[in-house]
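The two complexes that follow have chain A in common; it is paired with chain B in the first and with chain C in the second.
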Partner chain A sequence: MRVFDYLSHLDRRIIFLLVALAVVIPMLVPLNLPVDITGPVKNVYDKIESLPEGSVVLISTDYDPGSEAELYPATEAIIEHCFRKNLRIYMMGLWPAGSELGNMALNKIAQSYNKKYGKDYINVGYRPGGQVMLLSLGRNFGDVIKVDYQGIPIDSLPLGGGVKSARDISLVITFSAGDPGILHWITYFHARYGVPICGATTAIMAPQMYPYLSSGQLTGLLGGLKGAAEYETLVDKKGRGLRGMDSQSIVHLLLVGFIALGNVILVYQRRRG
Partner chain B sequence: MKTILPLIIVFCCGFYMLATFFIPARFSQTSSQTLQNWYLGVMAFFVFIGIFNLIKINVDKIQRKLRDWQYSIILLTFLGVMLGAGFIGGRDSKVFLYLFENFQVPLGATMFSLLAFFVASASFRAFRAKTPEATLLLIAAVIVMIGRIPIGYLIWHKFPDLVEWIMQVPNTAAKRGILFGIDLGLISMALRVLLGIERSYMGGER
Partner chain C sequence: MINTIGIWVAALLTLAIYSFLYKDNAFYKIAENIFVGVSAGYWAVVLWYDFAWPNLFEPLLTRGQWYNIFPIFIGVLMFAPLIPKISWMIRIPLTFTMGVAMAVSITQFVQGDIFPQLQATFLPLSGVSLFKGFSNLLIILGVVFTLIYFYFSKEHKGVLGIGAKIGIWFMMVSFGASFGYTIMARVSLFIGRIYFLLHHWLGVI
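On to the complex of A and B.
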């Protein structure tokens, strides 16, 4: 079988080309595939729906541009939902570039809902220190946060002055691509202060979070771009998550095809000895 | 004394912080908060050490014309440009935001998305059912990959449920086992450090 001999030495540039086509073509010709809603994503939606108007939601953007493609769509979808429900957003980041990415989404969506900086939302920027910072933060926000990301004294802002400790936070939503991130929020903020935690993680991190979901330490979870697409479906706002699912679908099918083909070649090679 | 003093500091600080966690008295909470604030101050200082180190290493690379030294020039130039844009115009300035949104974000996303190409190549060449364990992993991976995309739902509407079951039962059971192992190891290591049995953090001595 010359075909299998040829395929077993397939130039990897052909594989790269096929992957590129599988990503680009669905972007040019959208398939608009329907997205099913999974339990962990619905839990995040229901938790936000259950909060009374004016509640403070702490959003922590714990990722950098490397994970932007997976986590930024989720950031936008959840901020959209929070503002639609008239919740107040207290944003921060455990990663240096995270607060900038969060700010991009926050400013863009706040404008469309006529939200005022300082009253309806604030961003206190990057906060170093990982778990120790979170322990201090829960006890007394003033010990860790004295100014917002622009250097404005936090007490001069109505929302900033109103949040003194973890007791003033109704929900934490972390967008997490690694360490420090969601595990620190669960271990040090939920366990110590009892604040409910929801999260959006990269797809590769999502399986690690299931023990915390089943124990109730994590209320809900958006896993990867699929989680963002599900959330966009729930809030009825088509964004990059839903648009990206077409490409992701074709690439996944292509990968399954590669795996199957690789194993057919393995069987053929074994039979030939 | 050079060995004993750090051990005493680690022992005292470590056990004191451990004790304050279980003692809700005002004094213990205030003092542990002070120690934590000191830690945060030290952590913030690490950012400057990081930048200083980055500059030092790359300047050295340029001076000695080591391999790919040209990239170090680009790195240092853009480090200077980003720092300058941030300090002069502030983090909301048009220049800073333009550089962040149009350089840093797409470059970071590009680096990460390259993984897709290598994963595709690896799935073809290396993901083979050579043993029963590898076969089991392969079957689970294929089900999860298909069940996590909208096409999977169209192929068979129970695919997403099957994926959730894999995630919630076998995956959670395995992860819990791993987590217990890690946490027991962490507790044991922490005790070894606090009691001075593990001393490699002081420079390799055990």
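On to the complex of A and C.
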């Protein structure tokens, strides 16, 4: 068939253009497709809901601008939930740029809830050292963290001075794009000190995390932009996650169509010899 | 004003990078080189201000922690290959690094990864719902057959061959799931860039 012959030699730039249109059009004309809530995402939500007011949640922003599109919406949605529940946030980062991205989300949302820096939330910035640092951190925060990201002595801040060891942390939530990241928190911090861990990871990393969910080492998981969209639905706050889901769904349908069409053409060509 | 300039620079660099999809061109190369240069500069600053200064030099120079000379000396030995006569001395920092990394990693990896993961495969097949029992059976069979595939001391023939083939099927399902998630991740990154262009730059959404 002539159509199949034409398609088998299709300029791939046409495919790029179709994918671009599949992303742009749903953004300009939202379809508001429904987003189902999956178990691992609900587990994160339920865990935060179960914490008593004033509990300290350690948020670790272990990503950089390369993964911002996937993880920043999740960062905002979870910080929103924590402040809404009057939990206190102790933020740090295992990646240098992650700390700055986390700070953007923290300051933006803290303002809308009238939260005070030092009392309700702090950011101690980037902490190098990977696994060795995490092992020391759980034993004694003072060994690793002496000042916050602005250089203010940590003991002079009510929240900073109050957190001495892993025992003072109710939950760790890591936003992770690779190494060091969620696996370090599970293997070194959870295994040694028993603090529950929840995570938001890039979609590429998500399948690797399912064995840890299954074993209970990971309490809950937000996988990629879809995880962020689910969480935004749970906290009833439309953000970039939900905004991107229409485009994501349309592109997936388009790609499934391309894969099916490619296989049909392949079978046709093989039969024709 | 600075924010506006930043948005314009980011938008133009984004378009320059995506122009490669049409064909290789000068704008793409300029953007690529800017990225490499900025990354190198950024990491140099991070390494100095977050690693070297607070952990080594600041305690040595302002707090009198004289024993910091030893890690500095060991670190400097990493450059030993530049002088052929003493190039063998690089073994000292390499041995030290490997020793520490193994000591920290092995114990914690066994405690925090291997044992809990092994424990998670001891799952009940009875006394649970039918669906849960089936899921547990799949996990157990998946682990067993995949391990059979990675048993190389005997040729994969007969029962062992069948087990290895089933192991391949389990791995194929796993690779398929990973590939699907990878596509989702790449599309998400593209969505992020388009959102930036339409929202922050053009302001149309």
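Everything that follows uses one rule, which is that the second predicted complex is superposed on the first by the 273 of 273 C-alpha atoms of A that agree within 3 Å, B and C clash if a C-alpha of one lies under 4 Å from a C-alpha of the other, contacts with A are read in each partner's own complex, and residues count from 1 in each chain.
Quick note on the criterion: contacts are C-beta pairs under 8 Å (C-beta built on N, C-alpha and C of every residue); 3 or more make two chains touch, one makes a residue touch a chain.
Nothing here was measured: the structure is a model prediction, and the numbers come from that model.
Novice: Give one word, clash or fit, describing how chain B and chain C relate on chain A after superposing.
Specialist: Superposition check on chain A flags a clash between chain B and chain C.
Novice: Would you sort A:Leu135 into first (chain B), second (chain C), both or neither based on which partner it touches?
Specialist: both
Novice: Is A:Lys226 touching anything from chain B or chain C once the two structures are fitted on A? First, second, both or neither.
Specialist: Both partners, chain B and chain C.
Novice: Would you sort A:Met104 into first (chain B), second (chain C), both or neither based on which partner it touches?
Specialist: After superposing on A, A:Met104 lies in contact with chain B but is clear of chain C.
Novice: So in the superposed three-chain picture, is A:Asp36 touching just chain B, just chain C, both, or none of them (first/second/both/neither)?
Specialist: Only chain B is touched by A:Asp36; chain C is not.
Novice: More residues of chain A are touched by which chain, chain B or chain C?
Specialist: With both complexes superposed on chain A, more residues of chain A are touched by B.
Novice: So, A:Gln150: does it touch chain B (first), chain C (second), both, or neither?
Specialist: first
Novice: Just to be sure I read the superposition right, which of the two partners does A:Ser214 touch: chain B = first, chain C = second, or both, or neither?
Specialist: Both partners, chain B and chain C.
Novice: Figure out whether A:Leu255 sits in contact with chain B (first) or chain C (second), or with both, or with neither.
Specialist: Once the two structures are laid over each other on A, A:Leu255 reaches both partners.
Novice: Between 45-53, 81-89, 117-125 or 153-161, work out which stretch of chain B sticks into chain C after superposition.
Specialist: In the superposition, chain C collides with chain B along 45-53.
Novice: Give me the intersection of chain A's contacts with chain B and its contacts with chain C, in residue numbers.
Specialist: 16, 19-20, 23, 66-69, 96, 128, 132, 135, 203, 206-208, 211, 214, 224, 226, 248, 251-252, 255
Novice: Provide the residue numbers of chain C that touch chain A in the complex, in ascending order.
Specialist: Result: residues 21-22, 42, 46, 50-51, 55, 100, 104-105, 108-109, 111-113, 116-117, 119-120, 139, 174, 177-178, 181-185, 187-195, 198, 204-205 of chain C touch chain A.
Novice: Name, in rising order, each residue of chain B that touches chain A in their complex.
Specialist: On the chain B side, the touching residues are 29, 33, 36-37, 39-40, 43-44, 46-47, 90-92, 100-101, 104-109, 111-113, 116-117, 119-121, 123-130, 138, 141-142, 145-146, 148-151, 153-154, 157, 160, 164, 167-168, 171-172, 175-176, 179.
Novice: Quick check on the complex: what are the chain A residues that touch chain C?
Specialist: Per the touch definition, chain A meets chain C at residues 13, 16, 19-20, 23-24, 27-28, 66-70, 96, 126, 128, 131-132, 135, 186-188, 190-192, 202-204, 206-208, 211, 214-217, 223-226, 240, 243-244, 247-248, 251-252, 255.
Novice: In the complex of these two chains, what residues of chain A are touching chain B?
Specialist: Answer in residue numbers: 10, 12, 15-16, 18-20, 23, 33-36, 38-39, 64-69, 96-97, 100-101, 104, 125, 128-130, 132-133, 135-136, 139-140, 143-144, 149-150, 203, 206-208, 210-211, 213-214, 224, 226, 229, 245, 248-249, 251-256, 258-259, 261-263, 266.
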